[in-house]
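To keep things simple, chains are lettered A, B and C as they appear, and every chain counts its residues starting from 1.
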């Protein structure tokens, strides 16, 4: 496999392209996700199709930059229409998205079928934008992607502070004198550009996944925006390269869907196993918490019994320790288990007759516990 | 222009779709007071603050800070928005949020310096949150969130502070802590304007009060203005319960 | 029956069948779920195909409908972890399931007579080639019967469960209290959406199903406030879009489904701009009128506030008032003229004064506003 990558020129170009795409969409996607604009990305990418077709119809050229310019314009136009619909009618954002997405896509299909009817037109390949066709990437395309990528990431670095504060608390940013409108517009144009860059490789339908998935995966591993952006770029690049290689190793595997499958696996893995936020991590933490809470309740009961007794060290039978009815510990067996565990923590002790008492350490623990509650 | 007042609101009208929220509000606020803005729900309390901060464009009217426009005085003004106005699952930590208070001073593009971080830490110490500096903000309680927002306003090092319901969702201890910081700010000559909900605590916390219901019903020292009669006027026909 | 006629009949049936559950998607703010479901049913069809090895088996519809419901379930599950926001959850689930389907189809393209283009885009023009035969007698295009069946199911669903759907849409809490499980209604609706999408995708392709599910209900939403009329209007608008779309397509000789989506957009746009009650033109002129009316009230109230006070000459002076209100000259003149014509104000010694009726009016409007809360 390795020597294939090292020797196959086309594969090198395509992998490089997918990696670039992954980095760009990973970085800009992070902002789309934290601003909760992932679905807008979906609408923008579908809406790019008529722009591509129109650009071809008007120029008869299939140069990438011309087609992508058309895509950019129709992507931005669709966003403008969506926002206007929401502003001037009672139609909700999600309905406006779905409507414009399908209408623009339908318009794209109409234009594509129209182009096919034009005799002698050099039209083949336009429909590749629907699913993406990584293998059609040329060295020139990579250069365009590279240049745009550098511009986008430089802008992110320059306006990092502004993008962050506007995404987190736009009112506060405005009160500090930052023009929220200008900053969000710039950021949005950058996000749309990132989407357009990916269309050739993964296509209009799956591009939104490239925007959303790496960022969602990255979010699970960190609580810092900067780390999230870097990780997201990394996940994007890795899935781009792996997806590309897989699709070239096995015949007839399409690149775009393979990249999406790889990044989705990364998402699922991250959701399950990321420390702190991960579901499995959370599950065990909750179990542990539940256990401590139950044990705490038993200990508090022991504490109360001790307080009601002259001799603090007096031991009590399990049936007396039984917590009141709001407690979840039901059977004596379970209670014994909790007491054993408390014993091993040095908070309770057992005497010859299987009776239990609270220890000095236990008394201290309960008193601290109450103190904390008061705070 | 009257130099006795640090803020002058003149004939301010704000409307959402021709429904007035504030109507021809005139309000003069003297320097160095701790002021509550009180009124029923929908009376335009938050709107008043936002319009003063130029976050909402009024239909008519004007606000002067020290006799000058908001834009020219921006650096002297601090703001604490309602805490639920932001997404607390945002990937950032406490220190970072407080640092945002310095962004206005730092200006476009430039990065926070070590000195800014030092100021942010000091502010966190002030609100008793320094040990949470590296904590992710989603792990904070309601009271801790408010303390962080207060710290963010403190690092703005302003002369005038606007706070939108800083006691919402906070525990009693935090409430006391916040009010003692506000009182201390006032002692140092700052002017603090607080949107407040709890009529019970107005007399204890504040020395100046504005009763608002679309119009200014009354404004002045708590001892003079915070009367049953004025409250009845403010809350009339709303069915919302009065103090005491 | 001519093929052209049949195509239009199918188009109308598809559009109407889609708009019925679509109304509830729009009202329940779940429009983007149709985007997800129309993509993922493809996986259901592919899996169904491999199990029964036939593209005509009803089992495919079952598989696809199931996959639609699974999509909804997975999205909600992901959202419930609180690790992912709702929009991101949709944006992750459907591309994954859709990608798996595309990979399977591409890999086994030779054995599956499904190609991704036709699934995605559909081709209504071919629908009449597929005939329905009973005892060897041709009784029309098959799609008329399959989509007709789905249309009847949807109609029955909406009619029988109208009350339940209505209450679960507008007040889920009340629905629970009354013993209608909103979850059950929710999943039934999602099943209906999935079945409809499966039936429709063959003729119009999956993405354009969205146009019919959302487009016509949204258009109807701009015209009426009544749920029943919204459902009926959606059906009518959907049918209209279908016929107009077909005419456009045959005129330009382009994709029928695509043209239908474009016409959906065009009809929406026209309604959006010209609708008498909620159209853009109405709203803009209403807002402008309200602005002037309100400015008049504000001016009168301003004068009332300052009348008889020492600052009156400045606050209500004809040359100085604009400084206080921060209005531009032109706007101020317009408002003053308007109020003078209505005899609410007059000007004396360059100061604007209220007439008796103006004062009454100012007080009355303030009372109205304050007691309005």
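Note that in this section a residue touches a chain if its C-beta (ideal position, glycine included) is under 8 Å from a C-beta of that chain, and two chains touch if they have at least 3 such contacts.
Since the structure is predicted, the reported quantities are computational estimates derived from the model, not experimental observations.
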Chain whose averaged C-alpha position falls nearest the assembly-wide average: A
Contact-richer chain pair [B-C vs A-C]: A-C
Centre-of-Cα separation between chain B and chain A, whole angstrom: 34
Centre distance in Å when chain B and chain C are each reduced to the mean of their C-alpha atoms: 40
Centre-to-centre distance between chain C and chain A (centres being mean Cα positions), rounded to whole Å: 27
Multi-chain contact residues (two or more partners), chain A: 36, 219
Chain B to chain A touching residues, read off their complex: 50, 53-55, 71, 74, 77, 79, 81, 85-87, 90-93, 97, 100, 103-104, 106, 108-112, 136, 138, 152, 173
Chain A - residues contacting chain B, complex: 34, 36, 158-159, 161-162, 164-165, 167-169, 171-178, 219, 222-225, 228, 375
Chain C residues touching chain B - in the complex, by the definition given at the top: 82, 287, 290-291, 293-295, 297-298, 301-302, 305, 315, 323-327, 366, 369-373
Interface residues, chain A side, partner chain C - complex: 33, 36-39, 41-42, 46, 85, 88-92, 94-114, 117, 127, 130-131, 205-206, 208-209, 211-213, 215-216, 219-220, 250, 252-254, 256-258, 260-261, 264, 267, 271, 277, 279
Touch list for chain B against partner chain C, complex: 10-11, 13, 15, 17-20, 23-24, 26, 40-43, 58-62, 89, 213-215, 236-238
